[in-house]
Amino acid sequence: MYSFRNDYSEGAHPAVLKALTDTNSEQTCGYGLDPRCAEASDLIRRQCAAPDADVHFVVGGTQANLLVIHALLRSFESVVAADTAHVNTHETGAIEATGHKVCSVPSPDGKLTPALVRAVLDRHDGSEHMVHPKLVYISDTTEVGTVYTKAELSALYDFCRKQNLYLFLDGARLGSALTAEGSDLTLPDLAELTDVFTIGGTKNGALFGEAIVLSAGCGRANFRAYMKQRGAMLAKGRLLGLQFSALLDGGLYLDIARHANEIAQLLREGIAELGYSFASDSHSNQIFPIFPDAVVKKLERCCEFESNGPAGDGFTCIRLVTSWATPRSAAEQFLKDLAAM
Amino acid sequence: MYSFRNDYSEGAHPAVLKALTDTNSEQTCGYGLDPRCAEASDLIRRQCAAPDADVHFVVGGTQANLLVIHALLRSFESVVAADTAHVNTHETGAIEATGHKVCSVPSPDGKLTPALVRAVLDRHDGSEHMVHPKLVYISDTTEVGTVYTKAELSALYDFCRKQNLYLFLDGARLGSALTAEGSDLTLPDLAELTDVFTIGGTKNGALFGEAIVLSAGCGRANFRAYMKQRGAMLAKGRLLGLQFSALLDGGLYLDIARHANEIAQLLREGIAELGYSFASDSHSNQIFPIFPDAVVKKLERCCEFESNGPAGDGFTCIRLVTSWATPRSAAEQFLKDLAAM
Amino acid sequence: MYSFRNDYSEGAHPAVLKALTDTNSEQTCGYGLDPRCAEASDLIRRQCAAPDADVHFVVGGTQANLLVIHALLRSFESVVAADTAHVNTHETGAIEATGHKVCSVPSPDGKLTPALVRAVLDRHDGSEHMVHPKLVYISDTTEVGTVYTKAELSALYDFCRKQNLYLFLDGARLGSALTAEGSDLTLPDLAELTDVFTIGGTKNGALFGEAIVLSAGCGRANFRAYMKQRGAMLAKGRLLGLQFSALLDGGLYLDIARHANEIAQLLREGIAELGYSFASDSHSNQIFPIFPDAVVKKLERCCEFESNGPAGDGFTCIRLVTSWATPRSAAEQFLKDLAAM
Amino acid sequence: MYSFRNDYSEGAHPAVLKALTDTNSEQTCGYGLDPRCAEASDLIRRQCAAPDADVHFVVGGTQANLLVIHALLRSFESVVAADTAHVNTHETGAIEATGHKVCSVPSPDGKLTPALVRAVLDRHDGSEHMVHPKLVYISDTTEVGTVYTKAELSALYDFCRKQNLYLFLDGARLGSALTAEGSDLTLPDLAELTDVFTIGGTKNGALFGEAIVLSAGCGRANFRAYMKQRGAMLAKGRLLGLQFSALLDGGLYLDIARHANEIAQLLREGIAELGYSFASDSHSNQIFPIFPDAVVKKLERCCEFESNGPAGDGFTCIRLVTSWATPRSAAEQFLKDLAAM
C-alpha cells in the first residue's frame, strides 16, 4: 500500500546516497568543523547572496527551532506564533522546556500578518509582569500547506524591524514553498527578509538535516555552544554538509521539491474534479481534502495517510503528503480508487 | 596524513552502508515507530537477555545522557560522576541545562567505586538545602580508556541499590569496552548490573546512533515524550534501527570493536617498547602516551591526533584513537615514524 | 488621594502586626521548621478538616504557583488555564521558566468548566509530539472577580479525577471568594474538591504570605527541596506561621475579607445606580466598572486606580479594589465624586 | 536555652520594627515601585558612592544569587565558586535549576584568589564542548567566617576584568564582614571592586531582605522582569525599602554588626583561652571551635548550635553564630559552662 503519510517515509534521494557512499572512507574532523560543512555553508551563502550569514547544520527541525529561539531570546522574552505553528503544537513543549513562552494567535490560513502579531503585542504592555514578545516564528510552507508571497513576507519583516522583533522562518518544507504555485520568494529574499531561517533537508531528499541560516543582525555568537549543550552537534557532522551540497549544488533541491508539488497538485485537481473540498488552500506538497467518513474508511484500504480530525456532519479531513520520491502512478491510482468509490 | 584524532572520523562500516542503501526506497512510519526499530529493539533485548527492557534509539551521546538523566531525576536530584566524566566536562553543561547538578568526585582511573560514591553521599545530608544524589553516571570505556570488570560493576550496582541510587552506564565506546583485554562483561551483565545503559553506534561502525536500554526497574514511562521535547526523535527513525541491526546481528559490533582494540594495543606495545610511558592504563581503543614536546612536534607532521595537555617537564600527553576502519598499516607507519625520531 | 489600586497597598492588619511585635525577640529554628509554623499548619488542617494535608508557607503568589506546578508535573506535562489566568498572563512566563507549557482556553467569566477543559484535552491526542495536559489551574476569586460555587467546583473536580488531572486552586484572594455573595464554598470543601489550593495572606491582612495546602493524593514528597531550590524558603519562616495563626484563629481572616467585599459592593451598587455597567459580574473585592473616558480622567484627580484598558466607543474599563483596610468613607467619597461628574 | 544556631533566629531590630509599625497604614504602589524603595535605593547609592548603580530588593539570599547569576549569564556560561560556596552546597542546586553549571574549586579558607580562578579557567579551553566560566562568585564573610581585605578583592577584580569575568560578591553577612577585625573594605570599595554585590538584611537586623547593587558595567537591563519571573518580586515591596533605610540611615547596620562580631570574638577568645582550637580563622560573627565529642554532648544541654561534622579522633567541629540580638551574658554563660566541663 502506498503511503501518503508524510514526506519523510523514504530514505535519501539517490544523489545524496551516492555522495555519502562515495565519501564514506574519508577521514575528517568531527562536529561540523570539516571541509564538507565548510563547502556547504559557502554554497548556501552564495545561493542566498548573503556573504555574512552564519550557517549551522543540525539533524532535525525541533532541534533547529529550540536552538534558534533559545540562543536569540533572554529568559523573559517570548515567541509569537500562529496557533497551528509547529512550535506551539507538535514539539511537546520544546520551546517551553528552554524556558520561553509561546504566545499564540489564531490564524485561519496558518500565516502571520502584521495585524495578527500586533494583536499579541497589544495584549502585552511591556511591564515586568508579562513576557516580552521578541521573536516572530513563521513556517513556509505553513503547517496547513499555504505559502508566503514576497509582499507578505516584506510587510511582516518591516513590521518586525519597527517593533524590534526577530523574524524566524522555519523552512522544514522550504523546497516545497519556494516552488509552489503562488510563491515568488527566492533564497536571497529569505536572507534579506528574515533574521534567521532554515532550509529543510529531511523532508526534501536528505536522510536528515536542517541548515540554519543566521543573518549578521541577530545575536548569534557562540551558537555552537548552544548546539553542543542541547545535544544537537552531530559527531560525524560531515554527513550534514555533504547532503546539503548534494541537494543544493545544481538545483536538485528545487527540482525535486517541484516534483513533489506537482504530484500533490495532480491529486488536488483530481479530488476537486470529483467534487470534494479542502480544509486549506494549499498549492504545496501537503493537501487537506475533506471526505465523507465512509469514503475515508474505504481509502484506508487503498493507501496510508493521516487523519486531520472530524470536519463536521459525517465528514473527515485527511492529509495527503507527497515527496521527491512519490511516483506519478501513486497519485493516479489514488484518484482512480477515489473515483470508483 | 592518517588521523588518530577520534573514532568518528570516517563514515559507516560497509555492512551498515549496504543496509541503508538496500532499504532506501522503503516507506515506513516516522519517529522510530517502524518495523526496523522494532526488529533492532527485539534483537537488543535478546542479546541482553532482557525481555522486559525498553530500547530507544537516538542520534548522539549527549542527547542520550541528557535524556536519561532528565527523565529519571526530579528537579532537586543530582548526578554523581567522576571528575573526568563526559557529562561533567565535555557536554557544555548539558545536564545543568536540564536543571540538574553534577556532583563530581576525583577519580584517578576514570572509574567510580562504592567508596568514591560514598564520599559524595557523605557531603550531602539529605536536607532540603542540598541536592539529593540519585543517579550514578559511569562510562565504559571511561574517558581515559579504562574498563570495568564484572566484579567492579557488581560491587557498584549493589551499593547503588542499597543507597537507592540509579546506575547509568554510558556505553558510547561499549564495543571497545566489552572486547578489551581485562574486561569480562557481557551485554546480559550490563542489563543485569545497571538500571540503564547505552550501546554506542557512532564510535563503532554506524553513521550515528546510540541505543538506550532501560530496565524495568527505572521510571521510564513516557520516555518518548522526553525525546521529542528535547529534539532527539529522528524523523526517519528507521535509519537508527537499521544500523543497529546491521551491527549487532551476527556479532559484527564486537568483531570490529575488537579490531580497533587490537590496533590500539599494537600502538601501545610499540610505543612502550620504545620506552615511553602512558597517562592511563588503557587496553581499549584510546591510548594516552606521553612524549617529549619535541617528539610531539615531529609526530604532528606524520599524522593527526589530539593533545591531552602538558604532562610536566617538557612532556605532553597525546591521545591516539583507533576505530573499526583503522588499517594495521597506519599503526605500523606510526611506530616506524616514532622509532625514527 | 485614596488608592483603590489594589489590596496590597497597606501593611498588615493590626492583629498581625501585634503578633509580630509581641514575638519579635523569640528565638526559633529557621526555614519554617519552628513551632509557629507547626501551630499554623495544625490550625489550617483543623479548619480544613484535612488532617492528612501538607501545609507549606511561602512569601508570594507567583512562588506558590510555580512551586506547585513544577513539583507536581513532569517535564512534558502542561497546565490548563483560562486565558485570563494569572499564570498565563501576569507572571512573566514563570511557569514556562520551569519548563512547562500553559495551554490556555478563552473563558468569558474567568472560570473553567469541564467543557472548557475538555476543549483543551481534545486538542491533544496523547501522542509524544504534544504536551500532556495534567494540571488544571483555577483561581478563586478569578482575575475578573467572579467566584466558584460548590456545584461548579464539584463538577470540575469530578471531571479532573476522571481524566487523571490535578486540580489546583489559586486562593490569592480566597478570603474574598469565600465571603462573596454567591459563594457557598468553605475551607473543608476546598480541601475535598481540589488536589492543592492556596490561602492568600498578602491580599487579606498579612504583610506577605501564601499557605499551600496539598492533599494526600498528590505527589508532594520533597516539596521543601523544591522550595529551597527556587528561593522560596524564608529564613525567618516563623513570620509566616505567626501571621496565618493571627489571621485564621478566631475567624479574623473571613471577617476582614467580608469587610472588603462589603465596601466593594457599596461601590458597585452606587455605580450601578448612577447608570454605569461593568465588565464582569463581580461580587468580590474587585469590581470592573466601565466609564466614559472623560469620567475616567476626572476620577483620576480624585483617587488612584488601575485602568483595565479601552472598552470601546470612548469608554474605558477600570479596576477598583478594596481591602480589609478600606474605610467606608473612601467608597462614599468615590460615589459622591462620581455623582458630581 | 540560648541559641547560637544562626543569625536569623530572632525577629527584627527594634528600629526596623518601629519603621514598619509607624508606616503600616501608608498606601503605596506595589512591587518595589514605591517611594520607600526609591529612598532606600538612593541611600544605598550615596553610601556606596555609586550614583549609577541599580539597586533591587529581594526577600532572600538564594533568590538574590539565582537572579543575579541567571540575569547576567547566557545559557552556556558558568559560575566559578569555592567548593564551600553557598551556591555550590546549600541552595539545593538553585543555580543549576536556572541552567548554569557551578565550577567549584577547593579553597582552604573559603576565599577565591586569582590563582584559584585561574585553575578553573585552565580546565576550560574555550571550546564549544565545555561551559565558559563567566562569573566569579565570592561571599564576604565567607561560609567559614573569613573576610576579604581590600588588597585581596582588588587583585581578584583586576584579574576578573582582564579575563572578562563578572565578579559577584554575596554579602548575606556583609555587615559582619565590613566590621570584622582584619577587614579594611567599605561600601564604596565594594561598588568599585565588584560588578554586583548584595547587602544582607536578613542576618543583620531585618525581618528579611537583601539589596542587590548592580554596577553600570554589567548586563542589568530588565532585571525586574527576571525578578517577577522567578517569584522574587514582593507585592508589598515597600517593606524592603523601609527596612534598609532604617538599618542604613545613621549607621545602625554597621553598629549592630560590630556588636555581633564583638560577642563572637568574646566567645572565641574565651574558648581559645580554655585551650581549644578552631576549624577556621574567623573574626566575624560565626566561629567554628573544635571540641571533644563528650564536651559537645554536654554543651548541647546548655545551649543550641549546629554541628559542622566530625573533626577526627573523637573531636567535633561546631558552629556558634551571634547576631545583633545576642546579649553579652549569653556568651559569658557559654564560657562559664564550658570552663566547668
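The first chain written gets the first letter, and so on, giving A, B, C and D; residue counts start at 1 in each chain.
The definition used in the following text is that contacts are C-beta pairs under 8 Å (C-beta built on N, C-alpha and C of every residue); 3 or more make two chains touch, one makes a residue touch a chain.
Because the structure is predicted, anything quoted here is derived from the model rather than measured.
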Just to be sure I understand the contacts, which chains border both subunit B and subunit A? C, D
Looking at CA centres, what chain is most distant from subunit B? C
Euclidean distance of C-alpha centroids - subunit A vs subunit D, Å: 51
Geometric centre distance via CA averages, subunit D-subunit C, whole Å: 34
With chain centres taken as the means of their Cα atoms, state the distance from subunit B to subunit D in Å. 42
Flagged in subunit B as touching 2+ other chains are 75-76, 91-93, 97, 99, 128-129, 225, 228-229, 233
Indicate which of the five shapes (line, ring, star, complete, other) describes how the chains touch one another. complete
State the interface residues of subunit D toward subunit A in the complex, per the touch definition above. 31, 70-71, 74-76, 99, 128-129, 132, 222, 224-229, 233
Complex contacts: residues of subunit A adjacent to subunit C: 75-76, 78, 89-93, 96-97, 99-102, 123, 128-131
Okay, in this complex, where on subunit D does subunit C touch? 2-3, 5-6, 8-12, 14, 17, 20-21, 23-30, 59-63, 65-67, 91-94, 97, 202-203, 207-208, 225, 228-236, 239, 304, 325
